[in-house]
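In what comes next, subunit A is part of two complexes: it sits with subunit B in the first one and with subunit C in the second one.
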Partner chain A sequence: MSTTLGQRPGAGSPAPEPRKALGQSRIRVLPSAISGQEFVLLGVIAVLWVILAFATPAFFTAGSIQPLLVAMAPIALVGVGMTIIIITGGIDVSVGAAIMVCSVVTAKLLVDQGLVLPLAVLVSVLVGGALGLINGLLIAYGRVHAIIITFGTANIFLFLGLQIFGSSTVNNIPQTFDVFGRGVAGRTFGIPHAFLITVIIAAIAWWYLRHTAGGRHFYAIGGDAHAARLAGVRVQRRILLAYLITGLLVGLASCFVIAQGTSTLDQSVGTGKELAVIAAVVIGGTSIMGGRGSVLGTLLGALLVQTVTSGVTQLGWNSQLSDLFVGIFIIVAVGADLIRERARRAK
Partner chain B sequence: MSAPVIDPATAPAPKSGPAAESLVSRVVRALLTQRIVLLAVLIVVVVTVFFVMDANDYLTAPYDTDYMASSLINAVPLAMLGLAELLVILSGRGGIDLSVGAIVSLAGMIFGFAYGQWDWPLWAAIIATAVFGGLCGALNGFLVAYIGFPALIATLATYYAFKSLAIVINSQRPISTKPIQDLFSITRTVELPVVGSNLPDVPLGIFTFLIPTAIVVWVLLARTSYGRRLYAIGTNDTASKWAGIPVRDTRFKAYVYAGVISGLVAVVTVAQFASARPDAGVSGSGMALPAITIAVLGGVAITGGIGRVAGVILATLLIVWLNAGILLAFVGNEGSQYQLLALGTVLIFAALLNGITNRRYGGSR
Partner chain C sequence: MPTDESTPATTSPAQQQEAAPGSGLARLHLTGISKRFGAVRAIRNADLTVRTGQVHALVGENGAGKSTMIKIISGVESADTGQIEFEGAQVAISSTTDAMALGIATVYQEPQLFAELTVSENIFTGREIRKGGRVDWTAQNDRVVELLELLGLPGKYATAAVGTLSIAEQQQVSIAKALAGNAKVLILDEPSAILTDAEIDVLFTVVRRLTASGVSVIYISHRLDELFRIAQQVTVMRDGQTIGTYPIEELSVRQIAELMVGGILSDDRAERVVPEGEPTLVLSGLTRTGKFHDVDVAVKRGEIVGLYGLVGSGVSEIAACIYGMDRATSGQILLNGKPITPHSPQHAQRLGIALLPANRKLEGMFSFQSIAFNISAGHLGLLSKFGIFVDRAREKTVARDLIKRLAVKTPSERQAIGAMSGGNAQKVVLARQLVERPEVLVLAEPTQGVDVGAKEEIHRIITELAESGSAVLVVTSDLAEALRISDRLQVVRGGTTTVEFGPEATQVDVLAAAAGSVDEEGNAA
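Moving on, here comes the complex of A and B:
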């Protein structure tokens, strides 16, 4: 780089600035640990909780907060994987159908074989991983835009799920998954296990994306895949990995979904979850164009969406109104991000 | 290999290399680079397969031209929404509309109110519904073109908002008053005049909604300066701006037109169900996903700037006739499940083929 500059001293002079920066302070490579979007989200959630606390006195009781945390867990968990995918510039609209396949396979095995808990979780995670692998292989090596491939695989996964259902519901699911559920069995010191697991996995993902070379590669691919390849990133393997991780997380999330349901699993399981997950991720400030985003934002986004959903129900409004607010929050959250981005560029 | 073709509708076919090129490689090239040829061949293959299966008694009911004609009623909403997606995806910069199904639900409820409860004349109710759909599309277009939202996010948000409003607006109840129920007659099949006695009866919706929409969209894209501008901004946003094209305005209008078409689909859907259902366009996997699938299958490039009306129409025919055959090949809801498999497989196959074509021949048309 310096030799090129030396050969052409006349061509623009970006040289002095980096030297100055080097001399005075370390160049900041990492963005700050918590971004503006996350502060905004924290503020919005805090305001919502205060409003809800005044409007419905029952909101700030453990009996209300705990189910909220349990309910947000599957969305947030899949959201962690979706964040990685969207950071690479991709998207996965097949997670709803994948949740259906994982949960019906696991539920059937629970009923027929009476699997023990670790084995059941393992099966679900492996099935999810296999589905994620299919997506990843097609997208990384077929070199087709992710949205098209995952629209296609969503249909195929739906077909698989419905075939396994075999035109009837899965009944009398044993209570193996109660450790992830809403009940007393699902909590330790009042903290729901499902939420705890989600936070731990999100923390690992946060560290991985922020502080390891492998994690930074996802951002590099999202920023410019071609440049990343020239810089030595194995782009296709990284992309494959992103979809594989999401598949594994979908498998785990499916266990939470079964745990939250009744003893009957019907064909509507997972429907619309893909859009809910994408909503949580984009509200969390992850750029749909790739290259920018954080897992922390996704957790807050999922919490916001779930707060709105629970809040609307607790206020006694029509529960269908919650979707309207989710839509408005997507516009507001992404709009705020757009405005900040524009200000950043103008500087 | 070649410069990007801004004008796929009227550009001359690429000259096929040296004259010595063998017939086989010319056929392969035509199949791979011209989506319309591929779709036409696939349609012939599908129909032939089902005719043969029918002749050998593998199907639960006869798969004949009458059956094929009557199944065309399913093509009306599918093809119209496919055309809506065509306009939006053409506009480029990640253009996509996830909200078309939700607009169908909401506009359908508006139509239900106007025609079923306020007793407006039919033409006024249809125009009001189309205008309302256009307004919904204008919201999308405003967010995407003027504010700069990524289309996926803006339409995801409006999908949620419209879907929720459609359900809340009449407290989750469908509207199925007398005039709405009588509308079912729109979906009846008719004999074509003059030559009709020799041909199977065709659903009326094809003539009243689908063909006019397809012609208008074709004229818009291939015969107006707006169409030129739309292809231009879809191909290269920045170059179009420097060429003096009103980029924002052009993109905005694409979303408005998609909304208007969705409004018309709402009328068709209400007539088909004989009821204005609040979840008409979003139940199950919704209407947006199949519509996007049809558009992509029809050769519309998701990156914008490439796509034709004929491709969308042929892709619809392929899927509709394939689905109709599958329905006869399996008993009960097995058939509807295999339709999902077929749709997914065909989409992935087409997408992978696009990838191969891009690498071997430098793009398909």
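Moving on, here comes the complex of A and C:
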């Protein structure tokens, strides 16, 4: 007879109980619709809003909330794609530069060719898609880590964007994109179109990630890419798709970015946006190690970041404080993720 | 001394086909399979015939080619030459998807699961049941509940995240995953290595139920004794070749061990006299819950003690514990009679235990640095001026001296270690230990992935170290090495030290002891 290792959990009982008392959220037919971190985020946002409402009576007015929602839209929209990328275990630091390329190409065409709205959106989305495709092909088939590839392409996109700019600004942009803007043209029943579109796309992405085989495969890849390949998941195609989707969303978000400005676009467009997007995703509870995350969390993360930014402005504080607060939120979110991960490993 | 072949005459697989018991037809038939990885011939002209409704055991020592064989069948690797027939038709298996489409499912040694997804999702990843554009969760869950109950797990596990289950439960989920695809051939790669006896009983019940319904099972295990409970046929592999296929009832554990080892290796170890004295390093009742327990080993000055065990026996975990990478939950490590608790490799070294880790690439060396740097790392105090500045001239002298002494093949001490062959790199890492003669030296798998010539030299260096007064503990899963180098050899099985052998032991004795059935023929004790 062979001796077995002693004191194994579950030894001797054919139907051992789970080792930890599992909360109801773990016993489910579907992965839980809303995670603990998302509840926490909702709570934090609610608290901030209440504080802001008391501090500046103007905060809880349509005139204050609407611009907030318009401002968060591009970050949240790109965040939807970034969530998928980070779930696969990747990252894309080139989205800021990609927004610049899409914006300048589209703005120039609006000025020079007077494109109609649908065509202008289409151009921007296609340009973004092309940039995303470049990232995706290099990462999926080049077998180099995403951060290296996208750091490289970010610089190339930046160069491209600045070349297209030519002069320092693009002026006299027609009002074609007002429908996505802060003005009256940008709202229906008081809801900003940019925000509405973002929520609709996020809802589709949420459903896709949650209910389709293709969507679940992103999680499998982030959990263990090798195991996913063995299970028959087309890993490279999925990864390519994640960056392509992000590229397309960057294209659409660029239209929102143009709409937010005046009739002028300057060379700082898109600068630092990649960090805001990654912050929203990470604060939203998506694990930077891959395998776990949700679009809902990212929406909340973007809303939190924008609330902090707008709040600091409205309180008349030094605007640099918002960077401090966002930084703290990121570290708290990542810290919570790490603690949870270690707790699981330690079992 | 050469091991004589007293086993039944080796039968060719072709003859076995007719003679095989059980009227199972050949479901999977591999002929003339060869596979090379660079210069290494992992498999040479191997044959395998797996019958319908049978459990077919595949055995061999580490590196005999079992894993490569499995990878070829499951589509992870493709064979360089040879043919595969599945249910009488010639097939090409060029991807895991191809294999799955044929009904070949593999349960790997390490569960290939996604911690964040539910059990149900894990089982259906890659072949989801779809309704419209979406996954039909209800249908999947219903099927999974059935499978889990078949395996003796509660149905409610279907919706638990895999990360919340124990390793043993995860293994069972892996089996459920393989079964979900209506497998015709189920490959179990060392399934028992991480299971308890009770769990193995459940596994065997399931396997019998499956074979009764016509599934063929390829069963890989180092625990030879359990093959007699479950397998009908056994194919032995050695040095990348299939030695033969036998009905299990024609063999004993000892005979299988003899076939695995072959008549190779004349014992050319030199007689050594071990000085008398108190043991320098003692492991006393050392236990790490769930990994190993009650490990007792004593090593004297000038003595080389081997700690040999098969994969999954717990032998590598014991080494990790002496290194201070893991903590023992009970028991003691005594150094010169004083109990020590190393809490990190650095701490273990400061206490006077020199270490040569198993995974050289990860733990043992600085790939991009020069030989000289690699030798002096860890001894900077000794090689520094005022303990601060590294004395480059001295570093160079020491490095050159050692390169010569160890016959390291290199143009210069400035050569980057990462560019050297495995054997030479290992010699450099050993050289690091020679700078200060350590009181205690613990080596884990010292010649893993090293060619024969270098292996011999490394063994010579280890012997030299012992002769210069070190107490040496060699932790290895290489049987030939364990026998060749050790003055005494402790066998680890099932997480604990079982039998001790002297230098006169044969490979067959040791292997039989490590793989089970110590007393089968009464000569292993």
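Methods note: the second predicted complex is superposed on the first by the 305 of 347 C-alpha atoms of A that agree within 3 Å, B and C clash if a C-alpha of one lies under 4 Å from a C-alpha of the other, contacts with A are read in each partner's own complex, and residues count from 1 in each chain.
One rule holds for everything that comes next: contacts are C-beta pairs under 8 Å (C-beta built on N, C-alpha and C of every residue); 3 or more make two chains touch, one makes a residue touch a chain.
In this text the structure is predicted, and so the values were computed from the model without any measurement.
Asks: Pick one for A:142: touches subunit B only (first), subunit C only (second), both, or neither.
Replies: The answer is first: A:142 touches subunit B but not subunit C.
Asks: A:327 contacts which: subunit B (first), subunit C (second), both, neither?
Replies: first
Asks: By the touch definition at the top of the document, which applies to A:292: first (subunit B), second (subunit C), both, or neither?
Replies: second
Asks: Touching A:315 in the superposition: subunit B (first), subunit C (second), both, neither?
Replies: neither
Asks: Which residues would you name on subunit A as touching subunit B in one complex and subunit C in the other?
Replies: Looking at subunit A, the two contact sets are disjoint.
Asks: Within the complex, which stretch of subunit A touches subunit B?
Replies: Within the complex, subunit A touches subunit B at residues 91, 93, 138, 142-145, 147-149, 151-156, 158-159, 162-163, 167, 271, 275, 278-279, 282, 288-289, 318, 320-324, 326-328, 330-331, 334-335, 338.
Asks: Please name which positions on subunit A make contact with subunit C in the complex.
Replies: Against subunit C, subunit A makes touches at 1-20, 22, 26-31, 211-213, 216-217, 219-220, 222-224, 226-233, 291-292, 344.
Asks: Touching subunit A in the complex: which residues of subunit B?
Replies: 94, 96, 98, 143, 147-150, 152-154, 156-165, 167-168, 171-172, 284-285, 289, 292-293, 296, 302-303, 332-334, 337-338, 340-341, 343-345, 347-348, 351-352, 354-355
Asks: For subunit C, which residues count as touching subunit A in their complex?
Replies: 76, 96-97, 100, 106, 108, 112-118, 121, 125-128, 130, 133-135, 137-138, 141, 152-154, 156-157, 159-161, 163-166, 168-169, 177, 196-199, 202, 223, 225-226, 289-293, 314, 493-496, 498, 516
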